[in-house]
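The same chain A turns up in both complexes below, where it pairs with chain B and then with chain C.
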Partner chain A sequence: MDENIRFLHDGPLSPIKRWGAKWSLWPVHLVTACCGVELAHAYACGYDGERLGSLNYGIARQTNLIIVEGAITRKMARVLKITWEQMPDPKFVIVMGACGLNGGLFWNGYNMVRPSDVVPVDYFIPGCPPTPEALLRAIRALQDKIMSGRADSTARFEKVDLRDLVQMPETPKLKRAPTPPLKITKAPPIKVDIPREVDWDGDEILSLINDKIGNYATGITVTGRGRIHARIPLERWRETASALSANFDHVRSVNVIDVPHEEKFIVEYTLSSYTDRTLTGVLLTIFTEVPREDPVIESLADIWPSADYMEREMYEFFGVWFDGNDWMGRKFLLAPDTPDYPLRKDFEVNKESYVIGRERR
Partner chain B sequence: MREEYLDIPVEPPAEFQPLFVPIPREYVENAFRSDEFIVLVGPQHPGSGHMRIVVRIKGDIIVDALPEPGYVHRSMEKLAENRLYIQNIPLFERPSIMDSSNYNVGYVRAIEDALDIEVPERARYIRTIFCELSRIGTHLYDAGIFSVFLGHTTGFMWPFGLRELICEANLRATGTRVTTSFIVPGGVRADVDDSVLKFIYDSMGVIEKRMKGFEKIFIKNPAVIARLKDVGVLTKEEAIRYGVVGPFLRASGVAYDVRKVEGYDAYDELEWEVPVGDDGDAYTRFLVRVEEISQSIKIIRQAIKNIPRGPILSDDLIGKLKEKDQVRKNIKGYFYRIFSRIRLPQGEFTSQTEAGRGLLLYSIVSDGESNVPYRVRMVTPGWLYLKGFMESLKGSRLADLQAIYGSFGYFPPEADR
Partner chain C sequence: MAVSGTSRQKQTDEVMELTLVNTVFQIFSSNMMDIPVIKPLVDVLMTVPIVKYLVALILWKPFFAVILVPGLTGLMLSLLFIIWFERKLTARIQWRMGPLEISRSIGGILQPLADGMRYFFQEIIIHKEAHRPYFVQFPILAFIPVLLPVLFIPAGTVYAIRTPYALPVIVSLISMIPVVIMAIGWASNSRLAFIGTVREAFMYFGYEIPFIIAVLAMAVLYGTSDLYLIVEKQRVWGIALNPISALVFLITMAMATSRLPFEIAEADQEIAFGPFVEYSGILFGLTMTLAYEKMYILGLLFSVLFLGGGSGPPLPFLGDLTPVIWLYIKAVIIMCIMAFLRAVYPRYRIDQALRLGWTYLAGLAVVSVVIAGLISAGGLLP
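Coming up: the complex of A and B.
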């Protein structure tokens, strides 16, 4: 068997085989992230990647090229590996975009994987996103690689002797690293319902909301044009929601704010209405505070089905248990190996730092 | 007839474990007992982008559909907490890069709202032009992908050929094809030349003309109509109940458009209509988007005709800078000086925007002291209409899944963020 494979690779007919592979690089439809926009352009009428013998195809078993389009997340890494394993030999990988190189814009994200850790990569294309020309250039480079067997960089750089340009001192002095511009206050006061003076005539709407939930809310504040915040005690949460459900027919956002130094989560539901014409321009945010050590709150997904997926998401991000939502305790958006509750403030991502000498700041 | 009942213990197939398909074991057993099948669609498949839909079918009728998103979850909300307000602009346009201007404008308006910045008139018009360009671009992109889903290759080529014009307009004005990051708090990054505006105006004529051809070969194509008519219907009540947004909500008969409701940028000063359908099926959803392209063309033409002269960056931000006149035309070279010190007052600031696929909501919580946001909540249209999308699958045939998927233009990077 090995002998046959060796014959195929190095035998007298191998140039023909390589020539065939060169002109039939078919990328599998493994669209992984937003660089797919420029990939689609590269194969559309403007750039016409098909003239290089390359055409997107749906089934991994009949393709020989993976174009990784940008970011690979922990969930997608598994799929990338499985797709790679399914493909017949010879097979190639081109990684598009800065995310695929080293994370790019998301370099310190908690859900990112480098494609080069998952599959062997033939060519990287830098850019965010790379232009279609760059993608076609990578395909040309890959064709050259197939024919010649050498993987050369397609970028050529002039050799410059730095000593001609700058006068370097004999022993360079270590400079202090500049301080990063971020100023993050530790344990700041967090308040979401700060009243604001705005040019907005909302008295009717305010009185309607007051009629509905005035008994439950401990404070109704106008925080902007058409933005109202209502503070609800945790024990009146469900009653408030059912009182509002007749007028406010959907949820636009479920938000949790982690305030570790005050030992609480702030849970917000942003409501609006399509049916009630007077309320269409209004965003009513009802919010309550949940203790941080035992974050349980009643789910409102049965009152507003539109909140269902956002509750699941918030459970995964913060670990707030929405009691009554049947997906609690399961993964939905994150991969099983993603760290738990990554959006809590005590989960830290890497921050930018400067390295001078061996000193890291 | 006597009912036979075989108690066969059902294990979820071995592939389920390493793939972590989030199906409860009872669900698989239940499906088996009721003589139904579970089909995994995606994530590596042309008919489903980078998401998986777990479809439960009886015969070939979809009984239930569970989504499995998160294949492109790039942790944006967390990363935003460790970056300057200005650094978040390119971060927040990555969910949907063909729609970058709308994503910028949403985030930037939340900052402007917090700081009470008045945007100069010319900047508002430029923003409107680029927002509408990216809206056309998004609709064309989805029309192209939709055609691929239906197996119509010519229908893929036409919109992408037209998208080249929009990329070229972006390139001439902002320097990049898709990820423009052109809109900054208080205005836009640079003034747009009259020659570029003329190019945009002329390309609107081309797009309008070529869309007629697209109508002949794709939109009015009997094969396309047969595949889309009465497929994946969402009634008005369902659409409201599941919180569907944007053109998909309007296709179900709800005349709601954030541009009309909030009247941001220059939309109040221009004349245009909100296209509304009433069938709520895949074909109507597509037609509403096609009609929105012609409305956007109308908006762009008016905006280019009426665009006033003046500065492109707000004086509230420029402050006492010496090089005022230069910065009013182009921010180049003064970017860090002007924007690095942005600090929002304490409180929560929410902005709503009509992005290409619907409502986009940013909610910034600031502590008033740090120069980074304490928390940013970003709700994208894809994430909002996912529930409605799953509900509309129920009751249709398995073969129609791609048609419904394409009609929603579901773009996973956008939904997962």
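Coming up: the complex of A and C.
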């Protein structure tokens, strides 16, 4: 019995306390995902959760129940904790959906937190998403828990002896599986600029690009209609960018590919132009290779300001240091306590552990 | 000598006590409720030595008016009813059932009681930034301006105080409630409470002036501000004599009690109950019911000014209770109309509500004064 339930069971006024709490479970809903739709459904005209005396309230101070709807990320975990701390005792928590249960769709994600690690949970509702009936059933179950003080599972399974139903064959003799041949394929080389024959008369544009960066690039390849890849050595990176800055006015995307077996990162900047009409349909990708040991590359955010945010994001995910960007070394999009560089191939997610074969009573 | 002197002293003391008790009893029993149904019972009880004082006190008209109906008990009953009715009505309009399972046989009417019990036993959080003494005091202090107007509202001959200044006193007491709400917001010391407080102040100036002018129009029309006389003069209900004043009164009442088209100060979707955002437990219960209590008082005032107060078809065997019951029923019907507004209207922006208050309502209120002046000058009333 946790302290909230114990408070309701203590003292001579206990029946009134329990009666009040039972019929007045006002949820403050913490919508982080699609389960919020199901909650809306459960309280709308079809199912009408208000029948049970449960009224949706947006404000933490005046409610006594949190319904966690969906996945809790590291950032939302803080919000969940703050909401929980704001609420007056006695208070309860219901967690909806598979994501809150054990990650669900985002299982094993580097940014996932289980709500049960943050707040004490009274009831879980499995499902993706759970139906409105299931939510109302959880509220009913919580009401029963308040009255009786026992947390019972609402699912009851009939025990069946399988031997009565089907004729079990004799256990066959154990056979050994054949040993597989040990053949490990070498990891294939990662190639970004694979040339393609396309029906596109981009000769003018190609020659323009050749004029600009022909001296620096070690290869300019057409990879699709209006798609050009240019391989740049790391030493000529900045000169290339300043040569292109007159024609290409913004960076569409910054991308990093982790290639651990070749000990390198491939860093791509995809450029395009809003102002030059001949270049609006063209995506020029300049890419270079950075050693994995010491991944430092010059930032191009001062040449193309739109690269700034994406460089920060790539730093958070891969740890590639964009020299010259002020935000290096700090978290920008991820929660501050996220482990470093979660998208590197050798990043290890914390393994979950299960206890099997021992039921908790 | 000394002994007999003290005993004589004692005797005179006893006599004086007895005469004091008797005078008080005389005061009580001379002004008692006359209810034919329970008259035999009362007559029997009045012969029992100590119980008779209690019975005389309870049936003493001022006590009855203030503590029972239309005073405290009536207020509490109407609160429990109107909160349930509002939730139920909203639910029915949205094709739902509303609170039901708590007591299926009587339509879940116990729901507000359960909510109240839950609030009562919940923790009261006083956050670090709050001005502690004021934060705790104000929800309780707010009851003073809410409850005092009941003293002046007559239900037939059942009233506590009769004075020619009843109307101004009631209006000024009601005008004090927003001041308390602003004080609550200030003591909460939170940004949402601050926004709510400022909105409340804006709304206060938006509705208070048309409201006072509309009440003034009725005082002009009846030629007095003694509520007892006002009820007596209403051969025809005031709402028929001056419908514009009644309309302005109703709309400003919706603004004053933050009903939904004007629920701007408390907008829970935007600023999370504004001035009351930091309250929890029973203190929030007190602050939340503040608007409903104000609605009850304004409903009583509306019934007295426009709906003939306690007048109505005589109920047999109820005697003095008849006007009390009629007044109570009228006030509750007005509250139900206000509850209906919540279910059907969206919310105004503050500038729209203020424009309404300062232009249309103020103009209509002035028109109602003109109408009242014409009627009273024309001598249409006795």
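What we mean here is this: the second predicted complex is superposed on the first by the 203 of 361 C-alpha atoms of A that agree within 3 Å, B and C clash if a C-alpha of one lies under 4 Å from a C-alpha of the other, contacts with A are read in each partner's own complex, and residues count from 1 in each chain.
Here, a residue touches a chain if its C-beta (ideal position, glycine included) is under 8 Å from a C-beta of that chain, and two chains touch if they have at least 3 such contacts.
The model shown is predicted, which means the values in this text are computed figures rather than measured ones.
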{"item": "Partner chain(s) touched by A:His29 [first = chain B, second = chain C, both, neither]", "value": "first"}
{"item": "Dominant toucher of chain A (residue count), chain B or chain C", "value": "B"}
{"item": "Which superposed partner A:Pro129 touches (first chain B, second chain C, both, neither)", "value": "first"}
{"item": "Contacts of A:Asp249 with chain B and chain C, given as first, second, both or neither", "value": "first"}
{"item": "Touching partner for A:Gly58 - first (chain B), second (chain C), both, neither", "value": "both"}
{"item": "Partner chain(s) touched by A:Ala155 [first = chain B, second = chain C, both, neither]", "value": "neither"}
{"item": "First (chain B), second (chain C), both or neither touched by A:Val166", "value": "neither"}
{"item": "Partner chain in contact with A:Ser306 - chain B first, chain C second, else both or neither", "value": "first"}
{"item": "Contacts of A:Asp89 with chain B and chain C, given as first, second, both or neither", "value": "second"}
{"item": "First (chain B), second (chain C), both or neither touched by A:Trp19", "value": "second"}
{"item": "Where chain A meets both chain C and chain B, residue numbers", "value": "44-45, 58"}
{"item": "Complex interface listing, chain C residues touching chain A", "value": "87, 91, 94-102, 108, 110-111, 114-118, 120-125, 268-269, 272-273, 277-281, 284"}
{"item": "Chain B to chain A touching residues, read off their complex", "value": "18-20, 22, 24, 43-47, 49-50, 67-79, 82-84, 90-91, 94-98, 113, 141, 144-145, 156-158, 160-161, 163-164, 167, 177-179, 240-243, 249, 254, 256, 261-262, 340, 345-350, 352, 359, 361, 363, 365, 367-372, 374-375, 377, 379, 383-384, 386-387, 413, 416"}
{"item": "Contact set on chain A toward chain B in their complex", "value": "28-34, 37-38, 40-41, 44-46, 56, 58, 60, 71, 73, 75-76, 78-79, 82-83, 99, 105-106, 108-112, 128-129, 131, 181-185, 188-194, 196, 223-227, 229, 249-253, 255, 257-258, 270, 274-275, 280-281, 283, 285, 304-306, 308-310, 313, 317, 330-336, 342-343, 347, 349, 351"}
{"item": "Residues of chain A touching chain C in the complex", "value": "8, 13, 16-17, 19-24, 44-45, 48, 50-53, 55, 57-59, 61-62, 64, 86-90"}
